[in-house]
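Handing you a structure now.
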Amino acid sequence: MLKSISRTLLGAAFVGGAFMPHAFAETSINALFMAQAAYSEADVRAMTEAFSKANPDIKVNLEFVPYEGLHDKTVLAQGSGGYDVVLFDVIWPAEYASNNVLVDVSARITEEMKKGVLPGAWTTVTYDGKSYGMPWILDTKYLFYNKEILEKAGIKSPPKTWDELAEQAKIIKDKGLLATPISWSWSQAEAAICDYTTLVSAYGGDFIKDGKPAFQSGGGLDALNYMVTSYSSGLTNPNSKEFLEEDVRKVFQNGEAAFALNWTYMYNMANDPKDSKVAGKVGVVPAPGVAGKSEVSAVNGSMGLGITTASKHPEEAWKFITFMTSQQTQNQYAKLSLPIWASSYDDPEVTKGQEELIAAAKLGLAAMYPRPTTPKYQELSTALQQAIQESLLGQAKPEDALKSAAENSGL
Amino acid sequence: MSALDIQNIRKSYGAVETLKGIDIALQSGEFLVLLGSSGCGKSTLLNIIAGLAEATSGDIRIAGRSILGVHPKDRDIAMVFQSYALYPNLSVRRNIGFGLEMRKVPLAEREKAVAEASRLLQIEPLLDRKPSQLSGGQRQRVAIGRALVRKPQVFLFDEPLSNLDAKLRLEMRTELKRLHQILKTTVVYVTHDQIEAMTLATRIAVMKDGRIEQLGTPEEIYNQPATLYVAGFVGAPPMNMIDVEVDNGALRIVGSEVRLRLPDRFRPLLQAPVVQDKTRLALGIRPEALRLASLDQAGDQAGGHVLPVRIEVVELTGPELVATARIGPQKLTACLAPRARVGQGDVAAFAVDDDALHLFDPATGQALLA
Amino acid sequence: MERRSLAFTIFIHAAALLLAVVILAPVLWLFVMSISPTADLSAKPLRWWPAEVDFSRYALLLSSVENSAGAAFTASLWNSLKIAGMATIAAIALAIPAGWAVSRTPQVGWSLSMVIATYMLPPVALAVPLYMGLAYFGMLNNIFGLALVYLTILAPFTTWLMKSGFDAIPREIEASAMIDGASLFQTLRIITLPLAAPVVATSALFALLLAWDEFFYALLFTSDLRAKTLTVAIADLAGGRVSDYGLIATAGVLAALPPVLIGLVMQRALISGLTSGGVKG
Amino acid sequence: MSGSWMTTRAWLLMLPLLAVMISVIGWPLVDTVRLSFTDARLVGTEGSFVGLDNYARMLSGANFQRTLVTTTWFAVISVAAEMVLGVLAALLLNQQFYGRTVLRALMILPWALPTVVNATLWRLIYNPEYGALNAALTQAGLLDAYRSWLGEPNTALAALIVADCWKNFPLVALIALAALQAVPRDITAASMVDGAGPIARFRFVILPYLVGPLLVALVLRTIEAFKVFDIIWVMTRGGPANSTRTLSILVYQEAFSFQRAGSGASLALIVTLLVTVLAVAYAALVRKAAGSAS
């Protein structure tokens, strides 16, 4: 009752503004992307332009927000039917599916797609056996290194295990080449969870076992202990706790990091002499493993494109998504993000000039470890971010921090 | 039929009654001054006449027509405010013509009326200025001009001269008197200045605490004040008030042995039970009614009295010499001729006529007889 | 004037210099960043003045090529202008009658006090229902919707300013006009409003500045070019992949320009508005 | 022209404002109260009545208590610093020196700078690798190595406070300056004749004129500081390790990131209550000060 009265009141106040220009000759769809890691804004704009040329009756309005705003924007825009196509992270389908944010597109996916796309990529968009979009960015964190610095330090080959990484960093530090050789993205944000997950996968840990948090002991605890040790030993750039991926890239490009954990996109950007001081000296390998437990480690940092339930133009939206995720488009822009299509990795057009990256990708992508799949992921992630930061800053012991994160995770 | 008829007007704000039943009837052409100190209700009464405030009960009639509930613009009145209330953003010309403009009077007619009023007020050269470019006296004239052009039944003035300096006030006072003599419109004029009241009014209503203390011509107010309050309010320096005691048919000045014979016109009082022996009364004597006399004449004289006094302070104001003296313990002020030979510390005598003696009942404040 | 010792005079000048540096340095640095080549901004040691002055970022942000970063920025600039403009006009339109009514009729003053008391509400206390309400009427991501929400901030403030403005205009002038036969509408139009014009201008300036500065509601209620405001655009720019700090700085300079110019030019009016509130409470 | 008619007219004139205020403030507030007793989610479920559960959970949570402490620190220190710096700047600007007019005009600059721009600017200045603060301090020899100003819990809040102060103290200064200029020359002259030194003069002659306007500024700034969102959102988002997370950020997280509209609403109302209590206490103080001044 109150609600209906108040709506009338609100409505009366809104009357003045109730008209807005909606007059487009063609169908217009809105797409939300992120301005962080993976494809650059320029790439996305160029792909979209190609799409518009092929489909002149569909106009695509692009919107870019930082990764940090991607989730909230998607959810908030549901009220307005603002976006037709949204980019979503691998961790969100569970929540989006249970809150009815994304459309189930299982029926639209063709046999050809099913066969052609790497199986690991499909996990990105699947929850409870249904597909909520097409994978678009197939990504994991790699270990980048500065070949020149390693050479100066007399290091022959990049580390294969995390302990080796620490040893090599120590050599570099001791030789005075760099005060703090390793850079991470440990800001209180999802980025820190990605680095942590990479380590959890290396140490063979589990996030959730039988629906209960399991990261507070075993591999989960080992992973955090490694981070804390690396931080407190001075091998890690202490500013890492304030860094996002872009800060890591800046530091690495400036030649101020010997090692850096980052996504695919850094390879070609750091190799671009226009912006980078380390062009041509960038080495990339899969993130290391742990002796006796793993060869390499990797986090599933893939992202998909989906249609929102608020969309009034699902057909056009799907058309756009299939274009963006098509092998042709992806091969053409395979510099900052690698294709989802299996056969692309043997296509010389794709691999040319980035053989090293492709080699690392073949190993890394196969080892991708998922972050937990739960509708309460946001809470879990927030609690973990806090635990990681408190441990790094010495405010809590890793085991205690993880224990309270488990309690606050909402699980 | 009166030009303005105020009938039993009451006004209360909650429990506080600011007007306690006011009755005044004005003939056409009368100049009524509402006189009183601040808070006596005189401005409230004016606002009620203007329609800017509403009376709680009672009626107001202009030319026989009740104007209760009538919008101010339809009451056929004009008002001049203390602050002049000129429209700062309009020229003098438009200020004066504003009332006509609002009444959709044609431009030509308006221009004529403005010209006429400005000639009368001698502000013709100022017509194109803005109020901020005028002096206080000029603003006052514009405000009056604005009221004039309307040719209303009744003019209302709310302390119009109080924002002017002494010299201008005098000048404008004369000006107002002149205008009233020319125009002969009914005026209600609010002031706390008794000189303005005395000089301008055809009738004065002295107000106190929401009541009319006395309504009468200036002469009546001055010569026959009906109450202690009126007696004290009108006249400068104010009337001397001396505590006296009825003593064997005479008046003894309290604190001294000086006795005055009770003038004949008060004799009837002794017959009535009103005044008995030992009754305390207030004896009022205007300072200007006192003359310097020789000390050896002290005592009752034919038609008057000579009072022995001790002079305390002597101040020469120019036209007169104000002497503050004591008679016994009580204070007595006299306005003497400027050349009177009297000095501080002198023992002297003041003469006063029987006619100039006023008696008041200190308990009720009412004058005894008249 | 008081006589001062030489030491005191020197102290005063030194303190004034310090204050000037504190005030100016960050603003100047913002500008320097906007015209420095990217390399200079990540140099160690930092270069305090660009080797080569570079204004290209201004051109980049103000370009209107479709689907470019510049188009996104200019769109948000326009949105900010439109939203702040509409909200200001609406706020003034509400504030004039209400402020006048409260000034002339103190009996209704308590309702304005209640409206002003809403200043204490944190926007987060209204955000959820506002979000749901706007969604219900399809006014999320809509400049009209956001302008309406901005009234929550602007209207109480402008009404309060207008009320103190009307308080300063003698009621006798209006009484006089009324006796002269002017209707309420005529009185307000011919007499009161021209006198209140400076207050109206001051209120409008404050409203504009407040609306231009708003971030929280814009962050929640807008999602793309159609309604996104400048503040959100800058936050996005600064939070996302813009490795060029100069570009962020340029956006900052452009966003700061209108209010700073208003502030410098209309200084006197703004301060009088601030202090009239301060003095009268 | 009756009194009641005038009141009716006044209400009619107030009506548009009140209607808009009721629809954009009154109704949402009532709805927030309703939501706070439910487990509604932002999108999807309407939620069912859960009584005081949300309040109990929020108030007992360690997050809330810690955030309340952080918010209080932020508010107290930044407002106190703004007041002190503002008055000092005003006293300075009230003196005669070369360039006084220009400096007075410049004082409006930080205040006019949009909050988000201010936050972005300071984030760039504090950047741990390429920020101007690190560069300036090391080049001046005051700092050995670059520091992570916004990455350390013990400096992050202070860094935020500095940024907030820089933007807001000029406003206090301008208000105080206007009040200083209202001090009658006669009174300062009289106090000098009476032999009052500069400190006694400030305490007994000048301060009484400043107290009123400064108290009002204090109230407004404190309320704003308690509601702070923008500057923190842009600079730290509440990090590191939640050391700069204020109440508004916490509410945002609860209601919008986690989409728990119900408990978010309860938290928002708790914040509202706190601010109201604060404002009422201040109002009493203002009234008392006004009473003792007259």
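Which chain is which? They are A, B, C and D, in the order written, and residues in each are numbered from 1.
The rule is short, and it goes like this: a contact is a pair of C-beta atoms (placed from the backbone, for glycine too) under 8 Å apart; a residue touches a chain by one contact, two chains touch by 3 or more.
Remember, predicted model here, so these are calculated numbers, not experimental data.
Common neighbours of chain B and chain D, by the contact definition above: C.
Counted by C-beta pairs in contact, the busier of A-D and B-C is A-D. Ranked by how far their CA centres sit from the centre of chain C, the chains are topped by B.
Each chain gets one centre point, the mean of its Cα atoms, and the points for chain A and chain C are 37 Å apart.
Each chain gets one centre point, the mean of its Cα atoms, and the points for chain B and chain C are 57 Å apart. Separation between the centroids of chain A and chain B, computed from CA atoms only, is 92 Å. Shown for chain B are the residues that touch two or more other chains, namely 51-52, 71-72.
Residue positions 6, 10, 13, 68, 76, 78-79, 250, 254 of chain A each touch two or more of the other chains.
Multi-chain contact residues of chain C (touching two or more other chains) are listed as 42, 44, 90, 131-133, 148, 220, 239.
By the touch criterion given at the top, residues 6-7, 10-11, 13-14, 16-18, 20, 30, 32, 34-37, 40-41, 45, 48-49, 61-69, 73, 76-83, 246, 249-250, 254, 275 of chain A touch chain C in their complex.
The part of chain B that touches chain C in the complex is made up of residues 50-52, 71-73, 75, 77-79, 81-83, 85-90, 98-99, 102-103, 146, 150. Listed in rising order, the residues of chain D touching chain A in the complex are 19-20, 22-24, 27, 30-31, 34, 41-44, 63, 128-130, 145-146, 148, 150-153, 236-242, 253, 256-259.
By the touch criterion given at the top, residues 1-2, 9, 12-13, 15-16, 19-20, 22-24, 26-27, 29-30, 33, 41-42, 44-46, 90, 93-95, 97-98, 100-102, 104-105, 107-108, 111-112, 115, 117-133, 148-149, 151-152, 155-156, 159, 184, 209, 212-213, 215-216, 219-220, 230-232, 234-235, 238-239, 245, 248-249, 252, 255-256, 259-260, 262-264, 267, 270-272, 274-275, 277-279, 281 of chain C touch chain D in their complex. Partner chain A is touched in their complex by these residues of chain C: 38, 42, 44, 67-69, 72, 90, 131-145, 147-148, 220-221, 223-226, 228, 236, 239-243.
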